[in-house]
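Pasting the structures here.
Two complexes, one shared chain (chain A), two partners (chain B, chain C).
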Partner chain A sequence: MTADTMRHEGRVRADRLRATARLLLPYAVFLAILLLVPAVFTRVPLYTMGNGVYMAILAIAALGLVPLTGFAGQISLGQAAFFGTGAYFSAILTVKSGLPATPAAILGMATAGAAAYLFGRYLFRVSGHYLALATLGLGLVLTIVASQLEITGGTAGVVGVPSLAPFGVELFDDVSYYYLVAAVLLVAVVVVDGLVRSWLGRSLTAVGDAPHAAASSGIDIAARKRLAFVVAAVLAAAAGSLYAHWAAYVDHHTMDLLLSLQLLIIATVGGIRTVWGPVVGAFVVVTLLQVSQELFPELSERVGGQAEIVLYGLALILVLLFLPKGLAGWASDVIQRLTRARAGADEGGAR
Partner chain B sequence: MTEARLEIIDLTVRFGGVRAVDGLSLSHSQGGVLGLIGPNGAGKTTVLNVLSGAAPPTSGEARLNGRRITGLRADRIARAGVARTFQNLQTFHSLSVLHNVLVPLEARAAAKPVVGLFAPLLRGGQLRQRAADLLGRVGMADQLDTPVASLPYGARRRVEVARALAADPRLVMLDEPLAGLSRAESDDLARLIRSVADSGVTVLLVEHDMVAVMRISDRVAVLEQGQLLADGTPAEVQADERVRSAYLGDELDYDPLLHKGDKRAEAAARQRVATDPDAAADPGLAADPDVAADQEAAADRPPQTTDRRRREPRAQQ
Partner chain C sequence: MAELLQHVLTGLGTGASYALVGLGIALIVQVTGVINFAQGDFVMLGALSFALLAGAGVHPVLAAAISVAGAMAVGALVNLAVIAPARGADHTRLIILTIGASIVIQGTALVAVGTKARFTPDFTPGELRLAGVNLPLQYLWIGGAAAVMVTGVWLLLTRTLLGRAMRAVAMDPAASRLVGISPRRMSFAVFTLAALLGGIGGVMLAPIQAPDPQIGLALGLKGFTAAVVGGLDNPAGAVAGGLLIGVLEGLAAGYLPSGYKDAIVYGLLIAVLLTRPTGLLRTIAVARV
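Let's turn to the complex of A and B:
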């Protein structure tokens, strides 16, 4: 009997260990990749270290779309407006008010979050596609406003945004800046993954899957959508702040509609129901950007310097047709199928 | 638990020119199963939608234990003790069986003040246990981790019922829970509905299966064109001339209420169902774009035939 109990306990412990491993393994792989990027990107022809920085920034901005669009089913076409809010706050407060970078960024994130909250209070009372249209309008209006106001520097924007110096280490090159954005990305992934795996993620899924059933289950669906919208806005603003210090200038193009679309494409191509989606998607989109600029410079000229849009569209169509869960969603399905097949084989062998 | 005291007072719901519910007044405070029957399009689902906060009434009101629930948000009504299932089956299709039932439990735990958002985290094990118990009650104990989308229709129905029972409601409203089930499944679920009522939860049962309704209801109300046509014990309603004619026109010889199994009566009933536009989609929710999308996803809705032998449990993708 004791042997039996011990064997049972041993099995329970092994199960728990396996579950933890399954949860942590993707993070270990992710961390390894993040650390490998500088070595690779500084050596291979297609990429520069700046691409690595840009990928991480885009991934942070797109991460918020996982709970918002992937889980709660709400489409935002205005993420660039929140990205721009973060970027302008960091630029203006550090350049014109002489504020240190961290409080400037935090103020930007808080403002974006508060704006999303207030906006959401009105928007989510009505169901349907209002969010997509309303955020589209918000983005367009803010772009115009930013190009007209004096405080935002008009069409010239704000230049001379200082580089960051966390703990007294000045990050003046792309490699050192990369480590900062990669660290922020890692934290953001952990936070969003924790959110969507928690009961809150479950209730967001319920809202996206069957809103009437969710409401009848006691969920305030407007409040849930609003929460996801605020999270997405804060993440986009954080990415915008990082962008401002990296690019050293901000203008109204920073919050262009194209960025909002790009973020949606990133999340969709990568997989909008997993935190790994925006990471994979950012890699794909920046790669396409590089490919279009390196390989088809003449095409770029003919379509007005934005040949990458053609490639984005193509990638989007291909993924939607063949891998509707996105690249990361598809990969996780494949891995799951493989592990299940192996578990089945193990069980068969034991018998 | 205190018995639910439901009062519907002069309730009217209009959709354009259609009066889906037309001055309906109905009170119920004796618990048990209140059957709500009536031909397709009579307004049964609309009544449920108003009572659950899914649709606003045009005029009139409804009260639960004296408290007005019309005009409240759906989640507030749920918190006041009203739960429901849907005619067009609305499970959370990307969640597992266990998580479907966990959702209302967590929502309720999170509604507590102070601890609020953290309550579902702190009480996770307890809530899971409760969800598992409920699923055991509907015979789903061995499929807790199965994705609900991969279940056959009948099993998803049972998950939906377990979800409705999760938050300890006083009033559970079931919209055609037996439709599309096999005979054995239907009998099991009918027995469960009865046991829920016997445990002190008031059940408002909308159902087309007359034999089942008459067997498990304590009281039956009949709706026709949004109005209360009759109301009484199953025996009284079955004997009511107006009810019989409403169901079968003038062909009183073939009464499905009394002669289940009569070929001609069933053929007539089928014909009536086949010509009813309600059989195509659930109009009670069709005006909402979110739900319209859900309905496309739920195209596996069962056929609304009154002939039980023609029903088969449908294997889902």
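Let's turn to the complex of A and C:
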């Protein structure tokens, strides 16, 4: 073996290592941030540990919008309906039927996924933005139904949802519950990131860029959109189950349109075409909420806690107009430009 | 029988205002391809500002004129500040932008005047008595205003240069640009026109709806349902759809337990979208990818 080929092989191995590192680095950074959150949130006066739990739950519920809205171009205004489905299933099955938490949550996720599948079968037969209207209607109908039925406890809701005890460790406070929610978030991020990097993401991109070309090259557009919608519904239901056990209480407000709007805002402000978008968006939205409650406490009281929504709406419009890729998309562009500039400078220096 | 007729007639009255909302939505979809989620908030602005102004002692005609002008100004502003700057944005982004506009309009109204519902008397007190039916005159006002507006829009679209230019953009934006029609200007015009329709619908509804800043959502949804029933980009269908859901809602209010009244209309929206997404009133479905 000549020195030349050895050097070549070494370079190949180094390149491969670098590629793996580049893929894993964001996850490692994310894991580090997740682990740092309790230390920061219990010390910084603006936040409570409850905010951390809520951020992670919102991020899980908004994550499915990345493949659905970011890649398939379909808007859902019914994420709260699936969130509520998960929450009600967990609450009713654990409180009234005495089922353990895990099968209850899985049943809720399965039901939400099946509903999304059926909806998708009919809705995606034609192109257009019918999903936004249909999910808006679905959310409002389910909110009304949940506040009228006996099994959902009417407007009083279901109270006394038990706290979780995975592997016999009871999660009695927000810090311990945070670790569970953060673990679920990490898994969800890895799964969705894998999905959008796989054939699904590529074919959905093709569908978005050139639907006719995609269809003629054998991509079943309706099936891809449906799959994205099912993923979004299942994740929202999972977030809903986590919410029910955390809040210990579920009523029809968990299905509120306000939550659906919030989730869409979270995904869009953070960045709708990257899994880091919903995570960044959840952080931004909860921070806006905390800051506005700090600055104008009497205002949020007067209008029933809806003043913040103006801030969210403004943030949504500004981000969509000036940073259409969202905060995370913008940040990754900046990082890419910097590394490319540095790589260019290195090469220039070597020559 | 008289009871049934009563429910149908009051339904037609409120349905006429939904027809105006739906017409605005259908026109915007046709010209720009965008579903405008802020349409219900144009209605809310018309209704709420009329109720506030009339309540403050302003002459009703002046109050109505100011309210409609205000709604139009907001419609124009939404186009100029939110839609026009998003150059090169796809429909998904534009629709999310209208959702953002809706949130900001509703939230601003909430912060400005609070959550209280504002009552305002009928334009002309009294009822029409006919064949055992007592129809408050306000419903005739709504029906009359809607008829005038729908005729006006029809004349605008078929008899004026502006209307023809709008229809040209609806058919083929690229080709209309070639003959000197600016799709951006038509988008501005159609948003203002939709806000005018919404504002008038709102003023007419104010006495029977007791508006607060949050009624925009429900009214917008009835407009969507009207437009979807008629075929989302079919203005004539939206008018028929509005009347249809008005009657349906009137019947539901008469014969079903209250609380389900809205669920019926939203249920219809979902049912139509799932079974006949191109509209109940369209015989030939257009096949699209």
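Throughout what follows, the second predicted complex is superposed on the first by the 348 of 351 C-alpha atoms of A that agree within 3 Å, B and C clash if a C-alpha of one lies under 4 Å from a C-alpha of the other, contacts with A are read in each partner's own complex, and residues count from 1 in each chain.
The rule is simple: a contact is a pair of C-beta atoms (placed from the backbone, for glycine too) under 8 Å apart; a residue touches a chain by one contact, two chains touch by 3 or more.
No experiment lies behind these values; they were computed from the predicted model shown.
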Open item on the list: Applying the document's definition of touch, where does A:T268 land relative to chain B and chain C: first, second, both, or neither?
Closed with: second
TODO: Return first, second, both or neither, reflecting whether A:L17 touches chain B, chain C, both chains, or no partner chain.
DONE: neither
Open item on the list: If we overlay the two complexes on their shared chain A, which of chain B and chain C does A:A39 touch? Say first, second, both or neither.
Closed with: neither
Open item on the list: By the touch definition at the top of the document, which applies to A:S217: first (chain B), second (chain C), both, or neither?
Closed with: first
- [ ] Using the superposition on chain A described above, determine whether A:V187 touches chain B (first), chain C (second), both, or neither.
- [x] neither
- [ ] See if chain A has more residues touched by chain B or by chain C, and give me that chain.
- [x] C
Open item on the list: If we overlay the two complexes on their shared chain A, which of chain B and chain C does A:V159 touch? Say first, second, both or neither.
Closed with: neither
Open item on the list: I'd like to know which partner A:A28 touches here: chain B for first, chain C for second, both or neither.
Closed with: neither
Open item on the list: Based on the A-chain superposition described above, do chain B and chain C contact any of the same residues on chain A, and if so which?
Closed with: 127-129, 208, 211-212, 215, 221
TODO: Please name which positions on chain A make contact with chain B in the complex.
DONE: 127-129, 198-200, 202-203, 205-206, 208-221, 273
Open item on the list: Going by the contact rule set out above, which residues of chain A touch chain C in the complex?
Closed with: 69, 73-75, 77, 119, 122-123, 125-130, 132-134, 136-138, 140-141, 144-145, 147-148, 208, 211-212, 215, 221, 257, 261, 264-265, 268, 299, 302-304, 306-307, 309-310, 312-314, 316-317, 320-321, 324
Task: Complex contacts: residues of chain B adjacent to chain A - done: 52-54, 73-75, 77-79, 82-84, 86, 90-95, 99, 102-104, 106-108, 110-111, 117, 120-121, 124, 160, 163-164, 166-167, 285, 288-291, 294
Open item on the list: Give the list of chain C residues in touch with chain A in this complex.
Closed with: 35, 37, 82, 85-86, 89-93, 95-97, 99-104, 106-108, 110-111, 114-115, 217, 221, 224-225, 228, 232, 259-260, 262-263, 266-267, 269-270, 273-275, 277-278, 285, 288-289
